[in-house]
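Here chain A shows up in two complexes: once beside chain B, once beside chain C.
Now for the complex of A and B:
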């Protein structure tokens, strides 16, 4: 259960709309099911009162929506940012992708979001409704008479279990409290992959990436993927026709994408959240982050606006290419 | 569709020895777009170039592929040939089948196969070539010389004499460099100070020359003709324009016990000092690590005795920004550290010294006023052993020393030995050597005089160990010619330490984007034909920063570098390189990645109105490249996440086409 209440968010949003301080509110609303909470743009109080949702399923990161919405909407947009969303928000500002003046950012605390896959594993298919209560989810399915209670903690998303920070690095106003940057274990899985032999690692990724159906959801949701024209959609890039001769050839899409976002990825984990095939795509990006940290010292994309990512910066103490090559197995 | 001509060069037997040139020109004839393909013995010769011109006219060629040596060698040649034939010079591509093919392969079959592949890649690229026209950029008529030793001084004087402004940046408080520390110079034995100090005065008085002493270069931006350089003038806590160099402060300073760098720590200097009597500028400098006033605010004696009022304890480092058209590197050398050479007991005995220390011991302005006395007890040494090649010509022990020959040691050791015997005929002098190398005008005669007239014992063999025993140094060595082991009880051992480039050279090379070899010597644009130019346009090399050199050679190279600089500065405009970056504004995200990686500051961002497909207009932030400033390094094209940035002549699609051709 989230510590800050839905009501306080709605109240704040309505107050700002009615005072004409903002002309729209980026928030969450229910999709077809209780668990597919989707981003939505609200422009009137009634809609907010009725449809605004804030619960353990509000994983969606709004930062990327600001790129398009700030262009198309007159006046300011109110957006709610969880701690991890604020990193993407800053990174997009660093890249001049939207006008900061057109956004009113409210930082809200987050206790971690749940993973519907884990819930389904626990109580099976046929979920009719889910109620988020204190520390438990009450899941009603088509096949059971009584709701099944699942402890929220047991179904937290992987990215939340490895949460890097509860601290808001950008906001105009905070509702609730901000936290600290955490000691996270998020590189454990990367290190496990690094410890594999090259063949084992290849087999691992072949198994994962062969499932890719190239729906482009990872790219479309990624806050680092905001190019005016994606190279994969551009016949002149010489890249778009490099992907997909067989099922594993999609790896090129993912590897190229990982290179494109290297140094800019804040590790928000949206790519893995939206993947319909449950491919752990965030591990590719995390490997880059881990390497950058090792070669150039700790760097967190989006921690501050205007920071120079090591890959597009140059200092006299930078490693030589040969040192990186030699250190590749360490 | 291009009409491509392929011209395969034999380079005599350089290429034809390992590549079947006929097979290459036959195979490439069948590539799409190729309408003519031939081979010839020397494509770069007049006859070869005529062959190209004739083929262009006869077959209406639109693009040329020359399979020959590295483009660094002859790309310019063949571009001129294309121009002569009426083609745009940038419609030429070179397939390097010499350095990258015939020279690295031994078998004809493999060499031929690779040559064909490289040729196919070049053909694939030329299909996408477009005519390019270079722009022009102005030239700032001022040169920067980094390093104020004899190399830097000579270069600066020559440039100044041609009427151009020159600045010298020297990191020490005085110019003069190593030569100022030397006693006599081989092979004529004239005194170093007598020939150097007048030049130091000349350069200081020349109205075209400015000297920034106790200063260093901290940032270099820009490109040939238009460098923007930041120079840091370290605080010397003395106002340079007011100090008269009278030395009253130096006499009165109570902090007297600081190792004197100029005498290599063999005596002491006060916290405020003037390195030597003929220093230029002759201005005092306060060592902030030794001065009590600067460390804890107690003293201030020098300020009280200074009648000119030149002392300023609050002085701060000062940064100066200046524009230059050309930069000359003259950062010089240092003897290597003897720490790793325990066998010679350098760190155990004061009487084991390096040759540069020996220079100071025999110099009239040195710590012993020119009397050759042992550092340990001040007695006159009766037996001296000189050891050559200490750290030079090491092959197996590259970690310890250097693989190269330091070049100057044979001659200065002969000089030391000869001068010792001349001044102190009662002294026995031994020189241990691997070889004695004396190629130079009057050099061998000089060495022979040391042996024949002065009776110096030259022994072929290396010293294995030096052991201090009482007030003697026991030198164990082998005499290879007599095939016996020697044990000499010496009073003084002099080590001819290898020389290495100054430590400031590597960070400087990085700033200048000038290349270095594995020993940190700057590399030349061409070892034979362009020996004083760095491969980086506008950067020139003078003196030991490029390789070990003696004084005559340094001075010749210094003047040669000056001639090259003058040749550049007399031009009003430079023809640029048309292979520069440009951004596709429709694809640009405005993210600034390119702006950040651009080493030349060639990229700026503008807000520009765009008409969108739905007939609305939108302000977008997009990158623009200043074609006069861009040097075509391509860093931006790699950094650009959206592929909006591309390099003319090396576009991503051209490179992809080459890769595809190779992988096909």
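Now for the complex of A and C:
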């Protein structure tokens, strides 16, 4: 389904490695299964040729890895950025989290990534292998003789169905073509929740957040969460416990996690992708983004380097906290 | 049988340079406001981290009010402008999670407004008393 081929990416990466223009390549490789494609660092051509993967499962956003890798590795790092990754890339640059000179960013087009949870819903557990073909995924399970064909479009991740932009906002070089900022319906679900009564919203979130196992995956993967020391790791905070002891802690964790990235979240959707409990965490982030857009004017984090995040800025006639619910009686 | 009258616990974060002095003035002028209001002095309203507010609810507060200098009067020039944005977003998020929006409030009270301080607190306590106990953001481990 992806327009750009794996071979062209590998070819480019090997050429740059062998010319010593870069000393490492940040790419994807197969994990335990065909569908858990994980980020990996490649330093030689043979490894790249053999293990580099580019398919419909390459959802991982590399921007955050650059923070650590640019510090630990001598020389430049080549990285591949999908359009939504470029926003996080810019946001991290805005916050001076890594040295731009140490990165060679190649923009690659993305046709949307698939959601393994949707595939499992469609064909059950016991997936032995998945082959990505043009517009269709061939899923072989342990229980069926013939591979099950699933149309890629029907299992696209939620964040890709509501894709905000196909445009690369940062790159050194582009492979393939860049697209346009899209008209997205990404706030529809937030607005649907807002239209509910407070009781319904409470029940909805109680149901969602009570599944949280505090694995901290949403925090660890988030390209906006790059503090060296996290408030949730403080042993004196009372919330460093692995498992949330009760519903208060779940709410505290998720409100604060979302609040700490408010105004800096680019809405890349990584939090929901990695959540093992399928909690729609992106809705909390989108709520903040939607509120910021409504209260303080449209703002897209990462659209340009150096833009001032709404929460470190103010105007003299901002909305008062008492005015935010005006015209809403639910 | 005697039914114990419900008394809410209110936490008021008061800026050292304005509302804390405002509370003092209210006292000097013998203005009444409920004793259920527990004041926590902060150097500026923007010192209040969203975590403080959630923590207050966890430890048994039924309502949290944040008092700071009027916009334009901040001792540190711009602190309360940041508070205003932060709290608007935080309160909106609490509402999004289905928590009663009347439990949280921001008020601008200057050092000269003892009467406003007392009136604000009376009004807020009445609002929270009508709502009843904080059930949606409670931590059972912190209950006596």
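Heads up, the rule we're going with is that the second predicted complex is superposed on the first by the 303 of 330 C-alpha atoms of A that agree within 3 Å, B and C clash if a C-alpha of one lies under 4 Å from a C-alpha of the other, contacts with A are read in each partner's own complex, and residues count from 1 in each chain.
The rule is short, and it goes like this: contacts are C-beta pairs under 8 Å (C-beta built on N, C-alpha and C of every residue); 3 or more make two chains touch, one makes a residue touch a chain.
All of these numbers come straight from a predicted model, not from anything done at the bench.
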Note to self: Using the superposition on chain A, tell me whether chain B and chain C clash or fit.
What the structure shows: clash
Margin query: So in the superposed three-chain picture, is A:291 touching just chain B, just chain C, both, or none of them (first/second/both/neither)?
Written below: second
Note to self: Tell me which partner touches more residues of chain A in the superposed arrangement, chain B or chain C.
What the structure shows: C
Checklist line | Contacts of A:319 with chain B and chain C, given as first, second, both or neither | finding: second
Notebook entry, point to check: Now for A:234: first (chain B), second (chain C), both, or neither, which partner does it touch?
Noted result: first
Notebook entry, point to check: Regarding the shared-chain residue A:264, is it in contact with chain B (first), chain C (second), both, or neither?
Noted result: first
Notebook entry, point to check: Which partner does A:256 reach: the first (chain B), the second (chain C), both, or neither?
Noted result: second
Next item on the list: Using the touch definition from the top, say if A:198 reaches chain B (first), chain C (second), both or neither.
Entry: second
Margin query: So the two structures are superposed on chain A. Out of 98-106, 188-196, 296-304 or 440-448, which stretch of chain B collides with chain C?
Written below: 98-106
Notebook entry, point to check: Which chain A residues lie in the overlap of the chain B contact set and the chain C contact set?
Noted result: 231, 311-314, 316
Note to self: Give the list of chain A residues in touch with chain C in this complex.
What the structure shows: 190, 193-194, 198-206, 231, 245-246, 248-249, 251-252, 255-256, 258-259, 262, 284, 287-288, 291-292, 295-296, 310-316, 318-322, 324-325
Next item on the list: State the interface residues of chain A toward chain B in the complex, per the touch definition above.
Entry: 71, 94-97, 226-231, 234, 236-239, 260-261, 264, 308, 311-314, 316
Notebook entry, point to check: Which residues of chain B touch chain A in the complex?
Noted result: 507, 510, 586-593, 596-597, 599, 605, 618, 621, 639, 641-644, 652-653, 656
Next item on the list: Name, in rising order, each residue of chain C that touches chain A in their complex.
Entry: 50-51, 54, 57-58, 71-72, 78, 81-82, 84-101, 104-106, 136-141
